[in-house]
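Below: one structure, written as C-alpha cells.
When the chains are written out, they are named A, B, C, D and E in that same order, and each has its own residue count from 1.
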C-alpha cells in the first residue's frame, strides 16, 4: 500500500476521468463519480499525511518502475517535505468543486478529474521526464475546460494560456534534456532521476541557458512578472472550477517546481540571478496589486490579487534561507485555501447574480451573513491577518527577506498594505453599502454549501493557530534543499551579531 | 584534354538547368532534363576513360535506361495535360497555390 | 525566576470564546427568529467581567511576590519554529501587563454594560457584542503576549476589530470608508512593526524570541541595528496610536458607535503603541536618539491635535483630537525615558477619556444622534448626572489638580524638564493650556448658556441607569486615580512607578524639589490660563462663531486630509487605472502581441511565395543551389 | 591532333544543339537541334573509345527516345497558338545565366582539380560489348536487375496515365 | 539462407507488385479483394522483416551484388516503418475508394512497386542503385498521384512532382559523376575507404559530388529551399497517396541520407554547418507556410516540412562511430503513426470526392463524432509533441541527441519551431471542439479506416512508452 498509494492518488482520478470521457454518462452521474473519487483521494492524502515522517527530509512512499533504460527514464514517484503540502492542497480541496457547482456537463467533471490526477502526478513525480509528462498533461484539461465552458471570449483566452504555457514548458524540455546529457557526461550513465540529478551542481553558459529554460517555464506557470499577461484573461474567462484549479493549485506547482529543480541544481544561476528574480517577484506583487485596485470585474480583480500573492510567495524562494523557504512552502497551502475559497464563493455570487461587475453588487452582507463571514475569513487570510493561515507564511517570507536583501524585504512587506487596499475596497462595494434590487434577491448559503466550505474555513484558522504540525514536516526537506547552496549574495544583508561595527553593510561578493 | 571533355559536360549540364528554369514549354523542359542526363553520361564515359575502368560505361547505360523510363512517363503526362487544357504551357497549370 | 500561571490564557480566551458564541448565535438568529437582546447583553458582559476578576487575581498574585520576581508566564504550545526562529504561543504577566490588564478589563466591562443601554434596539445587537468581545480578547492578547509575534497577533486583531466597529453602520458608505482608512493606515504601521521584528530577530532573536530572552540579550544589539529596530517599531506605534504622520484615521474613526470610540479609540487600543514602546524599553533605553525622536514626534502631535481640537464643532471629533493630543503626551513621556510616567498617563487617561466619551455618548443619545456642539447648549439642567460626571472628566483632562490627569501629565512634563528636554517641556506646557481651553470650550458650549436647538432640547432627557452608573464609576476613577502615583512633593513616592519598575528599564532623574515645585506651578498656571480664556469666550453661552480665516483653517485641520488624499490616494488609484488600461495591454503584453502579429503576417507573406508556377519552384531550387555553391566554393577556397 | 579537332567540332555542335534546344520557340525545332547534340555526343563517346555506349547512344537515344518524343510532338500536332507566349523569355534567360553562373564555376573548379590525361584510343576491347557486358552481369547485376523493375513501373505508369481503356467501376 | 531472409520482404513485395499488375489486367478482382491482398502482402513482408534479426552489417549475396546492398538494424527498422506505412496507407486507400468513384486497378500494384523501391532504398549501398531505387519509388508515386485522369488538379500535381523530381534526379546523377571522379567507384564501402585514406576536403570533386547528392535527397525530403513542390503536390494528390508520400517516402529518403552520411565520420562532420542552416531555415519556412493554410492537406504538407527540419537536426546529431539512428527512426515512426492516423481518419471523414478539406469543414466534429475528433486530436497533439504521445518522445530524443552532440542552438531552434507549430495544430482542435457543428459527417459504409484509426491512436501511446527502436 505504502508504495502504491501515490499511484492510486494519481490514477484513480486520471482513469476515472478518461473513462467518463469515453463512456456515455449523465452529468449527475459524472458529478457523483467525480465527488466520490475526489473524496477517496482526500482520504488517501490524509492517510499519507499522517504516516509521513518527514524527519529525514528524503523521499518517502517511493515507487520506481523503469520505463526506458536506454535513457534511464523511469516511472518513479515519491513525496518529501517540499511536495507534501502542495500535494495536500492538490488533493484536499477538490470535493468542494463537485459539491458547489452542479449545472455543468459531463466533460467538465471528467476534465476536473483528469487535471487533478495530472497535477498530483506532477507533484509526486521524482523523474524529470515523468514530471514533464504530467506537467504538460495537466494543461490539456484546462485548455478544454476554458474552451468549452468559459466566458464570451474564451477561445482567445484558452489559446493564449495554452500556447504561453506550452512555450515555457518546451523550453523546460530542452533544459531537462540538457540535465540528462550533463549527468551522462559526468557519470557516464543516463538518468533523469531527480535524486541523482540534484546531486549535480552545474555552471557555465549552457547551464545558465538551462537555468533560464526552467525559470521561464515556471515563471510563466506561477506567474512571475512580466510573464503574467496570460493570467487575467484565463482566470476571468475560465469557469469557476477551472479558475480555482489554476489559481489554487497549478500556480503552486510552479513554485514547487522552482524549489525542486532550480534551487538545488543551478547554484551559480541562483547566485547570480536570485536578486533579480526576487525583484521580479516583489515588482510583480506591487504591479498586480495596484492593478487589482482598478478592476471593475470581480473575477479579474481576484485574478490580479492571486498573481500579486504569487509574487510574494516567489520571493521566499529566492531569499535562499530556511525561514523564507519554509514560509513559501507554507504560504503555498495557505494561499491555496484562501484564494480557492474566494474564487469558489465568487463563483456562487456569479451563479446567483449573473454578474461579476463589482459595481452591480452591494449589501450582500445583510442578505447572506454566513456567506459574508466565510468570504471575510478567506479575505483576511489572503491579506495575511495573524490568526489565519496567511500570516505565518507571509511573516516568515518577510523575515527571511530581511536577511537576504533589505530593499526586497521592504517591498515585500508592502504586500501587507497593497493587499488590504483593494480587498477592503472590494469588500465595501460588494458586501457593505446599500442593497440594490439585484442583491435584494441574494440567497444565503444553503446548509450543504455551508458544510462544504466550513471545513476549509476551519482549516484556514487552524493553520493560523497550529502551524507547527505542518511546518515540522516541511523544514527538514527545506533544509536539505538548501544545504548544497551557500546563501545567495543579495544587495545589502544584515550581519547577525558583532558589536559596535557598522552592521548593515553592503557585501559585494557577487560571485 | 580529359578536362575539356568534363568541362564540356559541365557546360551542357548548366545549359540544361538554364533550359529548365527559363522555358515554359513542357517539351522543352523535359528535353532540357534529358540534356542534363546526357551531360552526366558524357562525364561518366570520360571518367571511365580517365580511370581506365569501364564502370563509367555501365553507369552511363543505367542512366540511359532511367532516362528512357522517365521519358516514357513524362510523355504520358504530357499527353494527359494536353487532354486537359490543349496547351503545353506549364504556367497554365497553377490551380494549386497559396 | 518567573513562575507559570495556568490561568493567564483564560483572560483573553474568555472574551474570545464569548465572541465566538455570540457570533455563531447572531449568525444563526439574525435572519429569521430574533432572540432577546438580554441574552446577548448578558453573554457579552460575562467574558469581560470574568477576565477582570482574573486580572485582579494576577495583580494580587504578583503583589504577593518579591519585586524582581513579579513575572507570571504560561507557554501554551510551540506556535511555529523554523530553524533558529522559535515562536511559542505563550503569555507573560508582569507588573506592566497587570496594570494594563486591570484597566483594560475594568473599562472594557464598564463599556460593555453601558453599551447594553446605548445599543438597545439595534438590529445587529448580537454582532456588536461579538465584535466588542473579540476586540477585548485581542487587546488582552496584545497585553499578555510573551513575545513580539504573539503581541503582533493582538496588535492586528484590535486593528481588525476597530475596522469592523468603525464600519459598523455599513449602509453608510462614509463609515465604511473611514473603517478602510483606519485599517489601511494601521497596516502601514504594522509593516514597520513586522520589519522591526524581523531585524530584531536577526539581531538577537536567535536564542529565544520572547521578551524575557530578548531583554537578557538586548546588550548584544548593536547601536545601528538597535536604532533601526526602534524606529521601525515606532512606525508601528504611530500607526496604532495615531501619531504624526499616521494620526489621520482616528478622527474619522468616530464614525463608529460611541461606546466603541470610548473603548477602542480612547481608552485601550490607541494606547497600545505606548504600551509597546514601554514593553521594548529595554531596547529604547539603549538608543537615546530613538527616544528623543519619539518624544519630539509625540509632543508635536500633541500640539497639532490640540490646535485642531480648538476649532472642531463635532463633540466626538473634539474628544478624538484631544485623545491624539494626550497620546502625544504619553509618547513624549516614554520618549524621554520616563516610561512609568507615560504608562501612568495611559492609565489615568483611560478613565477620564472613557468617561468623557461615554458622557458625550449619552448626550448624543439624548439628542438623538446630534453631535454638533453648536446645536446643543444648556443641557446642564436636563441631564445633571451626565453634566457632573463629564465635568469631572473635563477637569481631569484639562489637568486641574487634584484630578488624575493633573498628576500624570505633570509627571511627564516634570521628567521632560528633569531629563533636560526643555523644548519638549515648554511645548508640553503650552499644550496643557490649549487642552484646558478646548476642553472647557466644549463643556461650556454644550451644557451652559441657553439651548440653541429648541425642540431637540425639549426631547433631551437623562439616559437610563445602565448608562449612567458606568459614568459615575468612571468619574470616581478619574477623580482618584491620580493619587496612586503621587510624586514626592505631594508626599507620595510614585507607587505606580515603583510597581512598574521591574518590567521597565528606566532611571528617575533626581533634581531639587524647587524644580519639581516650579514645574507643578507652571502647569497649574497653564491650566488656569486656558480655563480663563475658555470662560471668557464661552462662559455664558456664546453664539455660534463664524468659521473664517484661521478658524476655518483649523476647523479643516490644516487640510492635512486633503493633502494626503491628493498626494497618496489619488496617485495610487490613478496608477491602478493607468496600469490596467494602458500598461497591461500595451506595454507588458505588447511584445507578445507584436510577435504574434509578425508571425501571422509572415505566414500571409509566405502564401504569396507559393505562386503555383512549377518553373518558379525550379527557380527557387536553383537560386538556393547557387547560393550554397557560392558558400561551398568559398569554404573549399577553390 | 585530329581527335582534338574532332573534339572541338563535336563539342561546338553539341553546345549549339543545346542552345538551340533552349532557344527555339517551337518544341519541334528544339527537338531537332537536341538530336544534333545527341549525335555529336555519340561522336565524343567514340573519341573516348566507348564503343558500346557510342552505338547505344545512336540507336537508343538519338534513334528511339528522340523519335518517340518527336512522334508525340507531332501526334499532339501543336499549333502556334498552343505554344505558351513566353514574352519574358530573354529576361529569364539572362537572369538564369546570372543565377547559374556560380554553380557552373563551382563545377568547373571541381573539374580543374582532377588530374588531367589524354584520350588516345585504348585498344584491347576497352568499352567493347563483350567486356562491358561481362562487367554488367558480374559487377553490376543488382542495378541491372532493378532497372528492369524500373522499366516495368514506367510501363504501368504510362498505361495508367495515358492509357485509353475504360476503367471498371 | 540468412541472406535470402534479409531480402525476402523485398522479393515478396516486388513479386506481389507484379502479381497484382497481372491480376489487374484481367479486371476480375474487385477493389476490395485487391486491397485485402495488398494488406496481406504488406503484413507478411512486415512480419518477415520483423522476424529477421540482422545485427551488424550483413551484405546479402555479396558475391553477386558486390556489397551494393547492406542490411543492419537500422535498415531493418526503416523497412519495418516503410512496410507499416504501406499497410496503413492501403487501409486508408480502401476506405477512400468507397467514397471516391475514380479508381484504377493498378493502384495497389503501384503502391507495392513504390514500397519495393523504398525497401531497396533502405538497403542500397551504391549510388547508382540508390538512384534507380529512388526512380522506382518516384515513378510509382508519380503515377499514384495522377492516376485519376479526369481531374486537372491531379495532373497538375504530377506535372510539378515529375518535372522537379526529374530535375533533382539529374543533380543526383551529376553528384554521382563527381563522386565517381573522386573515388573511382560508387559503392559506399569504397568511397568511405577513399575518404578515410586521403581526406574528403583534399578532393573537391568528392565534396561537390556529395553536395549534389545531398541536394537531390533533400529535394525528396522537401527541405528548404527545395520544399516548394511539396505543398502543391500533397494538395493535388489523392488523400491516401498524400499520406503515403508524407510518411513512407520521407522514411526511405532519410534512411538513405543517413546511410550515405554515416559511411564516414569525416563526411558527416564536414556537412554539419550545412545541415544546421538547412534545418533551421526549413523549420522556419515550414511553420510560416503552414500558418497561412486553410486547407488541411496543405497544412499537413507544410508541417511535414517542419518535421523534415527536425529530422535534419537528428541527422546532424548522429555520430558515425557507434551509430544507432534511434532518434531518427523513432521520430520517423512517431511522425508516421500520427500522420497516417490523421489521413486514415480524414479518409472516412473527408466524405465523397474529398469534399471536406478545409479547417472550417470540420466545425464541431467533436459534437457529432466525438471519438473521431478525439482520435484526430491525439494525432495532432502527437505531431505537436505534447506528452504522453509518441511525437513528444520523438521530439525529446531528437533534442537530447542534439544537445549530446553539442548542437545546443540547433536544439533551441527546434524548440522554438515547435512553439511556433502550436498555432496550426491547436487551430484544428479548436475548430473541431469549440465551434458549432454544421453537417453530420455521414459515412458511406463500414470500412477498415476507423479500425486503422483506432489502432494507430493506441499505438501513438504505446510507441511512446515502449520505444522499441531504441
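Descriptive notes on the structure:
Here is the rule we go by: a contact is a pair of C-beta atoms (placed from the backbone, for glycine too) under 8 Å apart; a residue touches a chain by one contact, two chains touch by 3 or more.
Please read all numbers here as calculations on a predicted model, not as lab measurements.
Listed by label, the chains touching chain A and chain C alike are E. Among the inter-chain contacts, the highest number of C-beta pairs connects B-D. Relative to the centroid of all protein Cα atoms, the closest per-chain Cα centroid is that of A.
Centroids of chain A and chain E (each the mean of its C-alpha atoms) stand 44 Å apart. If you average the CA atoms of chain A and of chain D, the two centres end up 72 Å from each other.
Between the CA-based centres of chain C and chain E the separation comes to 78 Å, rounded to the whole angstrom.
Inter-chain centre distance (chain A to chain B, centres taken as mean C-alpha positions): 66 Å.
Of all residues in chain C, those that touch two or more other chains are 607, 610, 612, 614, 618-619, 622-623, 625, 629, 632, 638. In chain A, no position touches at least two other chains. Listed for chain B are residues 6, 13, 16-17, 20-21, 23-24, 29-30, 50, 55-56, 62, 66, 69-70, 73, 77, 80, 90-91, 93-98, each touching two or more other chains.
Screening every pair of chains for touch gives A-C, A-E, B-C, B-D, B-E, C-D, C-E, D-E. The touching residues of chain E, counted against chain A in their complex, run 326, 374, 381, 385-388, 392, 395-397, 399-400, 403-404, 408, 411-412, 415, 418-419, 422-423, 426, 430, 433-434, 465, 467, 470.
On chain D, the positions that touch chain E within their shared complex are 106-107, 109-111, 113-114, 139-143, 146-147, 149-150, 152-154, 156-157, 159-161, 167-169.
Interface of chain B with chain E (complex): residues 6, 9, 13, 16, 20, 26, 29-30, 33, 36-37, 39-40, 43-44, 47, 50-51, 53, 55-56, 59, 62-63, 66, 69-70, 73-74, 77, 80-81, 83-85, 90, 93-98. Considering their complex, residues 1-8, 10-19, 21-25, 27-28, 30-32, 34-35, 38, 41-42, 45-46, 48-50, 52, 54-58, 60-62, 64-73, 75-80, 82, 86-92 of chain B touch chain D.
Within the complex formed with chain C, the residues of chain D that make contact are 96, 99-103, 105-106, 109-110, 112-113.
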